[in-house]
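Take a look at these structures.
Presented sequentially are two complexes of chain A, the first with chain B as partner and the second with chain C.
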Partner chain A sequence: MEHTSTAERILRGIAIGAVVLFFIFPIFWILLMSFQTNETILRNPPSIAFVPTISNYVALLTGRLETAAGTLDISFMQNLKNSVILSVSSVAVALLLGVPAAYAFARHRFRGSEDIAFTLLSFRFAPPLLIVLPLALYFQDVGLADTYIGLIWVYQLICLPLILWIVRGYFEDIPADVEYAYRIAGHSWFATFRKIALPLAGPGIAAAGLLAFIFAWNNFVFALVLGSADKQPVTVGALAFVTASGIQFGQIAAAIVLSIAPTLALAIYAQRYLVEGLSLGAVKG
Partner chain B sequence: MSEATLSLEGVSKVYNPGSAQAVQAVIDLDMQVTAGEIVALLGSSGCGKTSTLRMIAGFEEVSDGTIRLKEREIHRLSPARRNVAMAFEGYSLYPPLTVRDNIAFALKSARLSRDEIARRVAEVAHLLEIEDILGRYPSSISGGQQQRASLGRALVRDAHLHLLDEPMGQLEPQLRALLRGRIKHYIKERGMTAILVTHDQTEANALADRIAVMEGGVLQQFATPAALKDRPANLFTGTFIGEPPMNVFLAEVGAENGSLRLRLGDDAELTYAVTAFEEVVRSRLLERGRIAIGVRPHAVRLVEQGVPAHVAANQWLGDQSHIAAEFAGGLLVAVEHHRAPVRPGERIGVTFAPEDLHFFDVESGVAVSHGGRPA
Partner chain C sequence: MAATAEMDSLARRRSRIGTRALPYLLSLPALLVCIGVLIPFFTAVYYSLQRYRLSQPWAREMNWGETYWQLLTDPSFWNTLQVSLSYTVLTVGLQLVLGLGIALLLQKRTRLNNFVSILLLLPLMTAPALAALMWKLMTDPNFGILSYFVSLIGIEDFRWASSPDTALLTVVLVDTWVYTPFIMILLLAGLRSLPRQPFEAAALDGVPRSFVFLRITLPMLTPYILTAALFRLLESIQQFDIIYAMTQGGPGDTLMVFQVEAYLNFFQSTNVGRSAALLLILWAITFAISNLFIKNWLRLRERTHEEV
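Take a look at the complex of A and B:
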């Protein structure tokens, strides 16, 4: 065991405190803002003493935004629902397609396998704006514009390469002989994939899925161009708070709190897998 | 016992066929293994022994040829349908399972009763001295323990054929010696058929009924341990089997006045009565003129009137002396089972009994005769 002196422990505590403050403070400040009116938020100098109000949350939940210029209808809850639908479905589709593909790329060398894998990765090289404008025209022609299916399809540009390349590495880390040992005991390759490869790569798949979920959740430009108000996620919906009478900081803060809540909850729940998955190989020697 | 359980006919393996990196790992291999037999595939790294084993198991495709197990062509079947058990060199235990569950795994898949599984696992764990680690996970035990668990997982199964890939490489010498005897007894008692891959001659000799010596993807000789030692089929097997390796010299063969002369160089000549060699052997040797002679170090005799040699080194290994001497333009190694009182630089005399000489064709390396009898 390493021995640390009291002074060292105190210094370490201060250092960790400073780092935590640096990262947590903006979120904490936003949380405070979400319980204030625009007037208290914008006063100078700022203060953490205020009379809390839940009016921002009420406005978001009821869909009615009171501004100096009058009442506006906003569809924040619909946006939040869209975010959940788009992100969950996109990650589910990407896992369904990407995990077996990653296994195939990891275990089998076939003609052009590296080229196909690289092509899938290259989708992530192109700036989204370059892709999305031609896609918008194409989607209008084939009737995919402003549909969940169309958006989920385009979201695969974000999710699929990520899952494929991360999970492939985890499958490659599993010694092939562990799978052979299972196969020679009388099991098919599919049973081996399900019972041996998937559980051993589990932490990696969870980590890749979570990362893909975060990327999908935070996407802005695809839904902005390809979807209309009733299909757009919170990232696009937040534009509604920039109104003719000014920016509604209180509602934006409340919207941020509500929209990071699902990803935050998921990340905290899956934190163990995420750390394990991203830092260790699947099988230790 | 007589019918072949496993038969390999013209089996070849080419990796990366048709490309610049194409490698011929196994070439036209023919081999028959009978039921209840233990066969060792012996050879140095890259000789094709593991490729052969993996083709039998179904982990590598056969490039050419046929593999039959119990009259059934298996080389196109999936590993699951071949009814073969295997212990892996890299252990390959399932990390999420305990040692007990790893060993019991295939038995559970085969739907054996719980009592029967427990009985068999206990038996094999006792055999391999791993009873105390049955409850532990592979990541928390040593390499040697993992290897024994992997071996147990293969031995516990009822299969037509058991494949053991370097099954004892990680074990300490004492434990290895103990387990060799036990494993052989276990296999024989149950009438199991096993193929063992190893590069350790002692292990092959101790465990196997027959040894297949491989080199460069080609089966050099497939025979009993005694036959490999006494009647090597070619120069490779002759020099590969045995420790220290066989001494090999080139000689000009001549006959005069009822004796056979083997001229090894300017200053070394061996003379034998022609009657020491059968007629057919004499004619084969004289017909060739030049011949390669092999003599095992244990067969070299040190006598004062022998052919002169100069001692280069003399090592005492605790139970035998290894003497290296300059002889006929090369180095000769002799083994004496007592502490030989010779010093470097000293002149000694060596002689070889005719029955200890192995003759090989210089061009092909194929054995011509062993002692006075034709190969």
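Take a look at the complex of A and C:
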């Protein structure tokens, strides 16, 4: 039905090409840099013809960097490990606590429930430093400063509300009659939750968990304020690495690639869930 | 017989109490997070009403609103407000236009369009702090590829984030790179959920496409645009990661947005009181916007739920 002229099709193609170029080129270029030595990076004019080397990755993995000035120890692998520990355990805790809570919010109107939900939602948009800076002083007093437990606790500030709000919407979409029928058949509350509600809300829980993982992985400010070098994740570690290693551009690029690879891989693997989660259940269709 | 009946009713009563307490029990973690947020919040309010420097604990005392008064008469505060607002308006404006354009471009469900929209997820999944580092590498004066491109079109010595004239532009560019896909995804979902009849009718009547866009597409898409814009406004006015990773607020005070200023006040000049006051002013601004946002979002949510 729609008539598209050749000229329009060509314009459209050019526009899409420009969009892809703008959004993908930085990732592509940093990836190329990570396989180059400093000499090829510093060539002028720059060129994409070079002999690839994995020396940057080897230096990061072994934690030893040979420079003209001597050997430099890099703790980047520790940062990567911290990122995994912090994100995985934060999401696990948030799912364990958040999914039942979301169910309670969706199924029971009880006193204060709307207040709790609204407080959580409105502080979702509060400046993170407003909460974290006073916490930093408290944490020093109670000895939680610079511990994994303290950090995972603070990560709940982003993970739990996210899971609560997305999963709650999915639970609300399940007709209450289905659950009621199952309970009439003599099954306990817990069995109903486990056998009926959980599987039906499964996609929502997956989307929320995935999104919470990415938010936790990409978080910068919590660990910047509350963690010291040996507890910091890649986001903070990479910045420190830039300052420490100065001119080792190849290694910096390789560190960035290793740091963004997990979330990018997840994004491609589970893009459908992601899109659903990102639109916050607002535009489910 | 009587004993079993009694036990039966006892068990029933207990289970009823159990069911009533259950929602409270389940939502306990949510309540704890609430408390975990509210305690630091009120602590910050308390700090903001004090003269409180970590380096001068002996001089700590209540000064009530004086910190706020000092802020309002301090030109650096007005600079912070102005930089934050410019950053917000520029990023959100640019991203809305780009995001809407790309969403319209990818509206049809073809294989190519789906592939491109998946590709565009990648910048959004990149940690903003790391995205800033990527762009830092690309804008390096010695080997940065973007510096090279710019020199090709005849602009020598373009200094990106290290020059006060172009620093804002550079961070706005990074922010746009990361967050435009967010707006695109939301608007694309919105576009694809619009009913078809009005468009088919307009096509039959031979209505010009600019008219269709302005009078049908845009009005119907408005709730989605509003949700996306408010969401981005809230994040943009609080931006910390990109600016801190790029220049730490510099050069000079060119990029001293609220949270960067508050962070440096806390850790460099250890002025806890001033830092808390700054953050509370930012909080008041975001609270106003977020109320708008939440209302709008809940309405949109309700509507889509009704349609389903």
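Going forward, the second predicted complex is superposed on the first by the 226 of 285 C-alpha atoms of A that agree within 3 Å, B and C clash if a C-alpha of one lies under 4 Å from a C-alpha of the other, contacts with A are read in each partner's own complex, and residues count from 1 in each chain.
Please note the rule applied: a contact is a pair of C-beta atoms (placed from the backbone, for glycine too) under 8 Å apart; a residue touches a chain by one contact, two chains touch by 3 or more.
As the structure is a computational prediction, the values presented were derived from the model and not from experiment.
Peer 1: Does the superposition put A:227 against chain B (first), chain C (second), both, or neither?
Peer 2: In the superposed model, A:227 contacts neither chain B nor chain C.
Peer 1: Can A:150 be said to touch chain B (first), chain C (second), both, or neither?
Peer 2: Neither chain B nor chain C is touched by A:150.
Peer 1: If you stack the two complexes on chain A, which partner ends up touching A:250: first (chain B), second (chain C), both, or neither?
Peer 2: neither
Peer 1: On chain A, which partner touches more residues: chain B or chain C?
Peer 2: Comparing chain B with chain C, the partner touching more chain A residues is C.
Peer 1: Determine, under the contact definition given at the top, whether A:177 touches first (chain B), second (chain C), both, or neither.
Peer 2: first
Peer 1: Is A:203 contacted by the first partner chain B, the second partner chain C, both or neither?
Peer 2: Touch status of A:203: no partner.
Peer 1: Identify the partner contact of A:237: answer first if only chain B is touched, second if only chain C is, both if each is, neither if none is.
Peer 2: A:237: touches no partner chain.
Peer 1: I'd like to know which partner A:189 touches here: chain B for first, chain C for second, both or neither.
Peer 2: both
Peer 1: With the two structures laid over each other on chain A, which partner does A:164 touch: chain B (first), chain C (second), both, or neither?
Peer 2: second
Peer 1: Jot down the residues of chain A that show up as touching in both complexes, chain B in one and chain C in the other.
Peer 2: Touching chain B in the first complex and chain C in the second, residues 189, 283-285 of chain A appear in both lists.
Peer 1: In their complex, what parts of chain A are in touch with chain B?
Peer 2: Within the complex, chain A contacts chain B at residues 175-178, 180-189, 196, 199-200, 283-285.
Peer 1: Could you please specify the touching residues of chain A with respect to chain C in the complex?
Peer 2: 1-2, 12, 15-16, 19-20, 22-24, 26-27, 29-30, 33, 41-46, 97-98, 100-101, 103-105, 107-108, 110, 113, 116-135, 137-138, 153, 156-157, 160-161, 164, 169, 172-173, 189, 214, 217-221, 224-225, 234-236, 238-239, 242, 249, 252-253, 256, 259-260, 263-264, 266-268, 271, 274-275, 278-285
Peer 1: Quick check on the complex: what are the chain B residues that touch chain A?
Peer 2: Where chain B meets chain A, its residues are 57-59, 78-82, 84-86, 88, 90, 92-96, 105-106, 109-110, 139, 150, 153, 157.
Peer 1: In the complex of these two chains, what residues of chain C are touching chain A?
Peer 2: My answer: residues 19, 22-24, 26-31, 33-34, 36-41, 43-44, 47, 101-102, 105-106, 112, 116, 118-131, 133-138, 140, 142-143, 145, 148, 177, 180-182, 185-186, 189-190, 192-193, 203, 224, 227, 234, 238, 240-241, 244-245, 258-259, 262-263, 266, 272, 275-276, 279-280, 282-283, 286-287, 289-291, 293-294, 297, 300-301, 304-305, 308.
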